[in-house]
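Structures follow.
One chain, chain A, links the two complexes that follow: it is found with chain B in the first and with chain C in the second.
Entry: the complex of A and B
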């Protein structure tokens, strides 16, 4: 396999300069080096081809589309400069999706605090620990569409939430998904339900990697649980918490599944991604949608860059 | 002493409250899936127990009416190909990057790294045009290729493992006359078994649950995967919560079984996968 490619590569190299005399057969050592030089590429052809075709070419194309008024189908497209970008930031109906992200950002705060709390208490000796661990983590593994339906029924008139409230004597006739504020709060609540578990498991893993002697020593020094959390656990898991915060910010900006499945973006719940997809595939505004996607991409890259500056993380380097 | 007891009680109370918050919505859907249409209409409330706890009628209609059989079939095909491809591609990439020094190696690594920062959702506007131009739109190939091509997390997991395999093993094999490909196939790949298990689990759950890519690239009804087929329940069963609930339970059940049987590996897999 290696030999064949090497020979074809060799031959096409010679073909490029037909005037040159036929090259003498390469000395064995050079051939060996040539083969060693090609071998890694044989392993990398398929991954690199996929990576470039489905990640880098789209980004480049998207940057190009974003400067045009292309509709995604017709062969005609006109250069419009930064027109699409100014449209995104000046048209109020397009800009509004950023406020929706605010709900999800607030929800991530709740989510991280809850995850921290449960990770801390479950890292100490608690009865039925594995059961609680499993229960808290399981929602993360459930199919998003199934979660959407579970919670559509949950917020339904006379559904789960209303029935539970009436158990406590509170009969609400509130349409939970009926107004923008209550609908967005409900949807953000669903994402806390869904994603708290993964943060919790990450924190738990980080806490468990703190050596146990530290707690024993602290206990001998008379430290209580709060001191242990404040001076041992918190510093020990700081990198993971920062990472989680960053992932939550980009997650909040790119929230899609739950709101799309549950409301389809109605009653003011359209998020950035829902709006971009609608622009691209429903209203055929590929140019504008590309500009929106580039804006989102830049924000996320910026957030990631800030995180790398704040927490130089040695786990991230690949080599 | 009493203060400690109070603290302990509060801890358990908070755990029980969290358990209720997680399990209640799911439990109610399970209850609803066992009720008959008549019971639903009578309005006994969401928390009332079904008259016949063994009433599987809704499951039958969800399974047949929702074409869940073909959905599970399509999902299985996609899972098989995309996981197989991810394992091959990820391990080959990791082997090439870790075991060879070659020109542009840094550039290749940087390309994979930067791609890890790009959220897939943002690029679909343009990726769509490319998938379409290959004629893969509305075929099972679109999700398979996309899942294979964009998985940087698995490359990273494999890289960690390849690095932990001593190079002396490669050298010993090379002295026996083995080429690079033989070393990869006979030495590295078998030793990657724990990493492969991790990638299979993490990737499997992601693919099984993904909604976005099949929804965008496979609009045909007969190409439904479990997410998109379940999503279609919204139309015909709009007010039939008993059938929708049965569909949701059908989709959640395999996840629950896998979770209960592979719990430990799943936790490890996610810790490894999520911290990239």
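Entry: the complex of A and C
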């Protein structure tokens, strides 16, 4: 952003200079150029100040805490160097929670496929399509805490899910949040329910930006719906799919609010973020927790980087 | 490398420089002296509390109005926090954490003088008040609880009677038999874990002391192995494990509901819960609202006897303290003194008064009749226990470890109970060594 504004400003400045009368004194011109150079920065002060105050300073603070043994409240804190990082990497129990992310990762595959399916169908002329779009996007508009509570009742013994199943003659006696596998699957299911709408909207937007003539031409050539999807839609929305996959992976690694509200991490549903939170607030190891947070950040950056390498962001060229 | 990258690096480097906290240590060691003349005390004080219910229904205002009869020039404001511990912890990094506050569990005892003003010496306060050693650092007391609590089982008398049990069980085995009788003879859930709420399981740590009637139980946590054979916590945890394992609890603990458990216990759908005396008043209220007899709510001690007598541990609830940075320390001190000595707060909550000469509340009548021995567990090593707990990440004051225990008992987690305890012991004693005790 900054570059663009600056360049434009510079170019207009350069354009204006020759137009100025030749014997113009040097100082005003320099001042003019200085002011032109400053202008974009003036506009940037507010966003930069916000960005630095609320993003970079806290992260820098966290990085600083991660090198100490701070307990989160005591005025005394000791510098421990990389001690916290050594502890994280030598204690395998701290990494075991990443297995839980596997459930969310699997769920995000389901989520992306379902979103893609619905987006494709609803991009064609379907009856009530706007209604269905609304229905699919709606869950994302509900606050995560509310969703947590709603689904607690949903999974309760004799709750909504059990009642619905019994309508179909299936009388389950299953504690949905009772065992690690079933609990994690249920929670991942809730997260699919919640986030599919976002993926769906992204896909739909991308699909609708594909020129309509292409479909017509394809139909004339005898392509059926699957062919259209395979050769027009899928390549057309590839960048958006890549983006969604990246978001899903980082989201799965940092899954938090649904398991935290619904089970508090009990019965093997603790994710890395919940564990970090427990370290910081239950056991007052703020230093160690900061280090864990930094590690998570680095892992996500790494995953994103690897992915960008594997799937380069090439230009879409359909025509 | 273009200009933008350089800029980003410079900014990043500059940001890494600051970082450490700075809580002013200037007021360290201040005293909050009791004012001599009530009419001269002035100022507006802010009192932080966990009792959102009492602030909302105006009860706290009534106490304040009563307080103003003695101290007319002090204005008392309340701020109730739902998520007290974590919110106050963050605020305590600044100087603005009210004038009177409840001491959060996270504050290290040795740090009390940095955060709170002293209320007097242990020697002098110990004559009048119970539980003073819980907040004593170097002979000075930093907090005062308005109520004392005793852990125990809240139970529905009617259900227990229906099951044919009239006497309190005296051993864990007897307790289990009674619960089994309740399961076979009534429709009630014998024991409700309140697994989902978490803190309800945490309270099982408070069996410490009552099993062997040992006033030095906390020292044993600091120096010994809490899960050694026959140690207090092991006895309590084993009882919890056996209860769950025998299927005497709710069908799906993971979706249990604390608020619902109150009326359900009152109505007799739930027979028993391990809580504390503080809960009695809430369950009786729930009974009144549900239109059933509040007298059905009973309270019993941990099923263990020493020399034919039950033991009940009494300890402080949250301690009130004066912010060391407060501008109206005398007014804050006046509030604490008045609230502890003169207000009806303890009676209103059917709680044990922190005043040594005050009588026991009426709900404890069955305790007196049964000759239950009350003990105050010495908290001299309390700070050390907390630090071992944090260091080892065991969490005897956090829900996870007992949630794991319950999961283990109902088969949602693999392993044996002995291995589970052995792992806890190992971590605990390891942390003991590291903390240099």
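The working rule: the second predicted complex is superposed on the first by the 258 of 319 C-alpha atoms of A that agree within 3 Å, B and C clash if a C-alpha of one lies under 4 Å from a C-alpha of the other, contacts with A are read in each partner's own complex, and residues count from 1 in each chain.
Operating definition for what follows: a residue touches a chain if its C-beta (ideal position, glycine included) is under 8 Å from a C-beta of that chain, and two chains touch if they have at least 3 such contacts.
Being a predicted model, the structure only gives us computed values, none of them experimental.
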item: Touched partner set for A:171, first chain B, second chain C, both or neither; value: neither
item: Touching partner for A:149 - first (chain B), second (chain C), both, neither; value: first
item: Touching partner for A:159 - first (chain B), second (chain C), both, neither; value: both
item: Partner chain in contact with A:283 - chain B first, chain C second, else both or neither; value: second
item: Contacts of A:309 with chain B and chain C, given as first, second, both or neither; value: neither
item: First (chain B), second (chain C), both or neither touched by A:50; value: first
item: Touched partner set for A:261, first chain B, second chain C, both or neither; value: first
item: Which partner reaches more residues of chain A (counting touched residues only), chain B or chain C; value: B
item: Contacts of A:74 with chain B and chain C, given as first, second, both or neither; value: second
item: Chain B versus chain C as contact partner of A:65, first or second or both or neither; value: both
item: Overlap of chain C and chain B interfaces on chain A (superposed complexes); value: 2, 52, 56-57, 59, 61, 65, 72, 156, 159, 281
item: Touch list for chain A against partner chain C, complex; value: 2-3, 52, 56-57, 59-61, 63-65, 68, 70-77, 152, 155-157, 159, 175-180, 183, 263-268, 278-279, 281-285
item: In the complex, chain C residues that touch chain A; value: 4, 11-12, 15-16, 18-23, 25, 85-86, 89, 92-93, 104, 106-108, 111, 114, 195-196, 198, 250-255, 389-390, 393, 395, 398-400, 403, 407, 410-413
item: Residues of chain A that touch chain B when the two form their complex; value: 1-2, 36-37, 39-44, 46-48, 50-59, 61-62, 65, 72, 114, 117-118, 121-122, 126-127, 130, 132-146, 149-151, 153-154, 156, 158-160, 162-164, 166-167, 193, 198, 201-202, 205, 225, 240, 243, 250, 254, 256-257, 261, 273, 276-277, 280-281, 286, 289-290, 293-294, 296-297, 300-301, 304, 315-316, 318-319
item: Complex interface listing, chain B residues touching chain A; value: 7, 11-12, 14-15, 18-19, 21-26, 28-29, 32, 43, 45-47, 89-90, 92-93, 95-97, 99-100, 102-103, 105-106, 108-109, 111-113, 115, 117-119, 121-130, 145-146, 148-150, 155-156, 159, 179-181, 184, 205, 208-209, 211-212, 216, 226-228, 230-231, 233, 241, 244-245, 247-248, 251-252, 255-256, 259-260, 263, 266-267, 270-271, 274-276
